[in-house]
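The following pair of complexes shares a single chain, chain A, combined with chain B in the former and chain C in the latter.
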Partner chain A sequence: MNPLELTLGIMTAVGGFVDISELVFAAKAGSTFGYALIWVFAFSTVGIIVFSEMSGRVAAVAKQPVFNLVRHRLGLQLGLLTLVASIISNLITCAAEIGGLSLILNYLTGAPYFLMAPVATLVIVISIWILPFKWIERVYGLLGLFMITFAVALIAIHPPWSEVAGGFVPHIPHGLNTKELLTFGYFCVAIVSAVMFPYEVYFYSSGGIEEEWGPKDLLTNRITSIVGMGLGSLLAISILASSAQFFGPAYVDPEIPGSTALQAAIPFGKWGLILALLGMFFAVAGAAVETCMANAYSIAQFFGWRWGRHKKPWEAPRFTIAWIALFVVALSIVLTGVDVMILVELAILFSILVLPLSYLPLLLLAGDRQYMREHANGSIAKGLGWFYFGVITAAALAAIPLYLLTAGGSG
Partner chain B sequence: MTPDGRIKLVSELLDLPLVDSEGRYCGIVDDIEFIGTKELKLKALMVGPGAYEGRIPRPLFWLVRKLAGDRITRVPIDRVRSIGSVVKLDCAGKVVGLERSEDAAGKWIPRGGAL
Partner chain C sequence: MWRVTLVLAPLAACSSGPYDDVQYIKQARSLGAEWALVNEQASQNKLTSTYVDSMHKWIRQQLGGSSTSLTQPSSRYGEEIQALFHESDNAPPERLRAHVKKLKEIEDQLESA
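Moving on to the complex of A and B:
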């Protein structure tokens, strides 16, 4: 295990953890319910760690990325359904990320939103074309570490730490009426979905294959998943806690990403705001890359095309056409003028519906001793895996009714 | 596992990725062709959207055919070196006609600019 590689891997995971949906829902969750939803972030983070570790292990041992498994384990028909659903979910998520990027660029430069969307997309496309996989992942992940500004801002405002710590204990706030309870339920489902987005696992496992992981990399995979995602989640929790401190008491509903950036401006002024916006920019740009590449990986793996950015773009032509076309479609969605926040909510909703279908084949293969030999799921991974599979299935069933009953969490 | 061994076709062969002798992905086992009447034996692996017929509902197959055509490439079973988490071939994909779509797409991609 190379310590430098491990450190870079962890830092990349930390910087790449947060995306536009987490930015929005963490801030909204804090302003609406104070610290009461922190435990849902922590709980979901354990879930994404379990499945990421599993997908990395399967990539290292069975050399199989997620969508090869989806097709082989679910069969053509159900596999095709999963593929179409995940393409739609990732496409909407990618459009939400591009919309979010354009908003952030608009805050930073004052240039028009509709100009910034194609500019941001073009810059991302060029960076993916030029850089090999490892550098794509690292550039966006490491620059996303500017997001640490939010954690520092939280420390600077001296929140009531006992109340923040209390938020880690699973509970439902007392005294909520039925409407508020339903809204609380919707936020729980949305946070589970935002933290456990399926694209993260598609991208992570495909990345493992791109970097030619083998059994010797299993420890690195485990540490990167646990430490990187655990620390990344603390950034999202910092946003929630700052929001609970600033926005909740002032009855501010942080509907747009700009409100979230203000959390750093309050203790640190202009430079806090700029650093927060830069962190958001790179974190969201990284997520745009991951969602689009995850889609291209899924399609290529499902149909058995050549794939990967360890190859030159012309060495995997259908894969290259796929990711460029997906960016163009995502950009077109943004240019229709649809509200970024609507895209975020749709992304959350579609993702939770896809999650059980994405994670079931992974769970089955990671436990299969024929493929995984001595690296098959042990009792802890198996127990946690099936427990979280039950949770995401229940969340998927509850998502649409809760969305409709609460008008998308608006109460 | 080798193609001569006893295999549970549906669970272990169908929908597995094909990897050629140069380590490149070159398709998926979309269907399987048999030979014989009394004792069935594997004849070829069928690759391509045309092999979806009968595996997905008819309206969906109609859509697939409109979008991707109904091409089928047959990979003779004696070209299969091993069957595991992928099906490994003992030749380049091109030799059994598996690279046509990839080559056609390649004409649209400019060379250069990538590190």
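Moving on to the complex of A and C:
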């Protein structure tokens, strides 16, 4: 285990944790329910750690990316359904990220939103084309560390730490009426979905295969998943806590992603604002890369095409065309003028529906001693895996009714 | 899928009238509060002028959307949202917060009804 590689891996995971959905829902959760939803972020983070670690282990030992497993374990029909649903979910998520990027560029430069969308997409496409896989991941992940501004801003405003700590204890606030309870339920589902987005696992496991992980990398995989995602989650929790402090009492339920950057501007002024916007830009750009590449990986793996960024683009032509085409489609969605916040809500909704079908084959193979030998799930991974599978299945069943009953969380 | 639609359609149809407008009142109230916060921080020289201009543009655009989505635009809350919409970009935070307060009161009344 190379300490430098491990540190870079952890920092990349921290910087790459937050995306546009987490930015939006963390801020809204804090303004609507104070610190009461912190535990849902913490709880979901354990879930994504469990499945990321599992997918990295399967990639290292069985050399199987997620969508190979989906096809072989679910069969052609159910596998194809999972593929189509995940393509739609990732595409909407990618469009939301590109829309978010254009907004952030608009806040930073004042350049028109509809001009910034193709510019941002082009820059991302060029960066994927020219950078090796490891550096695609690292450039966006490491620059996303500007997001630490939000954690520093939280410390600077001296929030009531005992109340923040109390938010980590699972509870439902007292005195909520039925409608507020339903809204609280919708936020729980949305946060589970935002933190456990399936694209993160598709990208992570495909990355493991791109980097030719083997059993010697299992410890690095475990530490990167636990520490990187754990610390990354603290950034999202910082946004939630600052929102509870600033936005809730001011009757702000952030309707515009740019409002979140105010959290750093209030204690630190213009430089806080600029650093926060840069952090948001790189974190969201990294997520746009991951969602689009995750889709191309899924399609290529399902149909057995040659795939990977370790190959020259022309050595895997269908894979290359797929990721470029997916960016073009996502950009087209943004250029229709659809509101970014609507895209975020749809991304959350579609993702939670896909989660159980994505994670079930992974769970089955990670526990299969024939493939995984001594690296198969132990009792803790097995217990946690099935527990979280139950949670995401329940969340998937509740998602649409809660969305309709609460008008997308607006009550 | 059609079964899901059949089950969910009655749930979606449970609300009507001013109740339908609560989500737009909430949205307008929040946008007004965001606007006030932006102007307050801008007056303390804590924001870049590019950011402030962009936020004003997006807030106004979203407010226009909330206003046109109302089922009862000539109601008290419809007029309040219109009054907020017609404030100048650099309106004092206190004035914007006065609209926010009125919208919050209407929102609470409708929700408790």
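General remarks:
As a convention for this text, the second predicted complex is superposed on the first by the 411 of 411 C-alpha atoms of A that agree within 3 Å, B and C clash if a C-alpha of one lies under 4 Å from a C-alpha of the other, contacts with A are read in each partner's own complex, and residues count from 1 in each chain.
We adopt the following convention: a contact is a pair of C-beta atoms (placed from the backbone, for glycine too) under 8 Å apart; a residue touches a chain by one contact, two chains touch by 3 or more.
Note that the structure is a prediction, hence the values are computed from the model and not measured.
In the superposed model, A:Tyr371 lies in contact with chain B only, and not with chain C.
Of the two partner chains, chain C is the only one touched by A:Val252; chain B is not.
In the superposed model, A:Arg222 lies in contact with neither chain B nor chain C. Of the two partner chains placed by superposition, only chain B is touched by A:Thr320; chain C is not.
Touch criterion met: A:Ala261 reaches chain C, while chain B stays clear of it. In the superposition on chain A, contact is made by A:Lys179 with chain C only, not with chain B. Shared contact residues of chain A with chain B and chain C: none.
The part of chain A that touches chain C in the complex is made up of residues 103, 106-110, 179, 246-247, 250-256, 258-259, 261-262, 265-266, 269-270, 272-274, 277, 339, 400-401, 404-405, 407, 410-411.
The part of chain B that touches chain A in the complex is made up of residues 14-18, 24-28, 30, 47, 52, 55-57, 60, 84-86, 101-102, 105-106, 108-111, 113-115.
Contacts from chain A toward chain B in the complex involve residues 62-64, 68, 71-72, 75-77, 79-80, 129-132, 135, 300-307, 312-314, 317-318, 320-321, 371. Taken together, the chain C residues at the contact with chain A in this complex read 4, 8, 11-12, 14, 22-23, 26-27, 29-31, 33-34, 36-38, 41, 45-48, 50-51, 53-55, 58-59, 62, 65, 100, 104, 111.
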